[in-house]
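The chains carry the letters A, B and C, assigned in the order they are written, with residues numbered from 1 in each.
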Amino acid sequence: MRSKIDKFLLIVLFPAFLTCMYLIFQWVPQIKASNPAEQIAQRIFYFHVPSAWLGFLAFFVVFCASVAYLATRNRRYELISVASAEIGVLFISLVLITGPIWAKPVWGIWWTWDVRLTSSLILWLIYVAFLMLRRYLPDGSKRANLSAVVGIIGFIDVPIVYYSIRWWETQHPKAVMASSEGSLAAPMFFAFMFSLATFTLLYVYLIRKRYQLLKLEDMLNKQFKEMEIL
Amino acid sequence: MAIPALQIKDVSKDFGRIIALRGINLSVDPGEFVSILGRNGAGKTTLLNIISGVSQPSEGSVELFGSDPSDRQNKAKLAVISHEMFLYDNLTAMENLEYYSRIYNVPDSAVRVEQVLRDIELTHRRFDLVSTYSRGMTQRLTIARALLHEPALLLLDEPFTGLDQHAIGMLINLLRKQREKGRTILLTTHDLHTAKELSDRFIILEKHRIVKDGMMADTDPDKIRNEFFSASTAGVEV
Amino acid sequence: MRAAIAIVKKDLRMEFRSKESILAMWIFSLLIFVIFNFTFEVSRLVMLEIAPGLLWVAFVFSGMFGLNHSFALEKENGNLRAMALMPVDGGQIYVGKFLSVTLIMLMFEALIFPVFIIFYDLQLSLQTFKLIPVLLGGTIGFTSLGTILSAVAVHTRNQQILLSLLLWPLVSPIIIWSVTLTGMVLGGEITASFYPLLTRVVAFDVIFFTLSYMLFDFILED
């Protein structure tokens, strides 16, 4: 059953990503911008924003899994939280990479200490620390407890971090989806939603795979242990 | 029959890749002195951790005098002595004991502190920092600290390892006294002869399970050794 | 509260006994002022602008030092496990450690602040008293998160580096707010946003204190 779902996801993901590429690089009309570089760079938006959304989703899953772990002490939730934290860090890394690639031609600089940029960086640091902590601890229920505590505190801190630097002037483009004026044209909106959906499916696929891998690792180790015992 | 001091039912500790205990069943009556024997890694320490409520079993239940050991109030009834000192080097013996008597809410603490200091023959050094103590003295103080709140259940995790002869003799004496007072005592050790000398009953943990549960009186320690800790398995710990 | 008070007494007693660590922290803060002065050779005007940040850098570094020290004491001789065995709630133990760390850090601040005033030739006025709630709020925020994260980090071999990794990003909001508020007071321009910002600091303190209080039991448990 499990592998059937995975197979299905994989079969859907391949054409979906190809379609994504087509939509983003061919189908979507060129934006009007004085700077020709900006016209091309703008297309990074379709990767940048879905990655950011996935990062948040992944960290929310870390939070939920951490709470569930402390409530049940079930290894399953610990594994989910690790899998999700790893994927979240991966996607926020993508955000931090694609952002400057866009910013260089448009703003003329790679980086600026702006709200969105700074808070994304801090977010990334929080979950890198979470993963580092796990590296430093031996496997066992102690590690599970400690990382669940950090998983909870970290997520509660995320909106506060964002809020704390909001009073700084922001250069970052507004959340386009929200504003009515200057909102995305219909084809852009469609391409964006398509990309978002594809990325979310990718997350589902990745977390399933990572979770299964962690579980297999557990089983294998346990089998070795049993062999030692017998 | 009164409530057992300790009632363990089908306890397993099995977390991720770690298997520590499997299907442990054990009932200890108040006043019993039980030795837990087994090789390193057999699960002795995990078992004590679960009994003391520091560690949660993955399956099964533990009751200490009829209630859950992870219940904080219940912890006043037990004490642990292990290779860890549970003392602050930068405090005097007196200050260490006063601190723990406040934490454990020991009644008449001044009198009690003096009494335990006398028991371990450290009254003359009570105002010296623990960091100036010899190893043996620190270990005696560790024992005093554990007995301070008169625990009904004593958990001893390899208490004799690293002790000097004087401290071993003192600990054995104190344990005898505790036993006479009707305290329940669980002891993990490698020293079969001391175990025989002190305890009424023994259990052997092997491969995370209890493989033998018997009375000390009708057992010959050398026979146990041959049966369970035979030379083929190196006899490292025996 | 009995256990919490016992822990505070014990910690303060040990801290005062080994005066070296207090002295070391104080000298360390002095060094921060000196080094910043050398590395950024700036005009007095700019210096005044970065002074609040500098003050908090000194506070936070010495606070870090204090946190590491406080939990290193609990690690020696397995005292952390002794805490797990205590017949008191994890929350109480948290309160005890939190209070002792906070008191020590506030004491440092009281020692560092006069030096800071002299070095940067700041004008004191009645306004300066408004710094007290700012320092209290910022410090409590730092220590409430710092206490629980030190208790986490102390379980690793690399306690100090891990505490920095965990604490810095998480504590950044409170530091940002505290620096802003301190700047307002020292610059003598307390604007309308002073009290709302101070309220945020207090809200942060309450959130993380409560959260840590509830979660501390899980840290002690194996």
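Just so we're on the same page, a contact is a pair of C-beta atoms (placed from the backbone, for glycine too) under 8 Å apart; a residue touches a chain by one contact, two chains touch by 3 or more.
Predicted model, so just to flag it, every value in this text is computed and none were measured.
S.K.: Hop distance check: chain B to chain C, minimum number of steps through touching chains?
M.R.: 1
S.K.: State the pair with the higher C-beta contact count; candidates are A-B and A-C.
M.R.: Between the chain pairs A-B and A-C, A-C carries more contacts.
S.K.: Farthest chain from chain B, going by mean C-alpha coordinates, please.
M.R.: That would be chain A.
S.K.: As a quick test, compute the distance in whole Å between the mean CA positions of chain B and chain C.
M.R.: Distance between chain centres, rounded to whole Å: 39 Å.
S.K.: Indicate the whole-number Å distance between the mean C-alpha point of chain A and the mean C-alpha point of chain B.
M.R.: That pair's centroid distance is 48 Å.
S.K.: Counting in whole Å, what is the centre-to-centre distance of chain A and chain C, each centre being its mean C-alpha position?
M.R.: Distance between chain centres: 32 Å.
S.K.: Which residues does chain B have that touch at least 2 chains other than itself?
M.R.: Chain B, residues with two or more chain partners: 55-56.
S.K.: Which parts of chain C, given as residue numbers and ranges, touch two or more other chains?
M.R.: Where chain C meets two or more other chains at a single residue, that happens at 221-222.
S.K.: Multi-chain contacts in chain A: which residues touch at least two other chains?
M.R.: 140-141
S.K.: Please output the residues of chain B touching chain C within their complex, sorted ascending.
M.R.: Residue list for chain B touching chain C: 49, 52-56, 70, 72-76, 78, 80, 82, 84-91, 95, 99, 102-105.
S.K.: For a test of understanding, state which residues of chain A touch chain C in their complex under the given definition.
M.R.: 70, 122-123, 125-126, 128-129, 132-133, 136-137, 140-142, 145-146, 148-150, 152-154, 156-157, 160-161, 163-165
S.K.: Which bits of chain A are touching chain B when the two form their complex?
M.R.: 73, 75, 78, 139-141, 144, 217-218, 221-222, 225-226, 229-230
S.K.: Which residues of chain C touch chain B once you look at their complex with the stated criterion?
M.R.: 2-3, 5-7, 9-10, 13-14, 17-18, 73, 76-79, 81-82, 84-89, 220-222
S.K.: In the complex, go through chain B and note every residue touching chain A.
M.R.: Chain B residues touching chain A: 15-19, 55-56, 58, 207-208.
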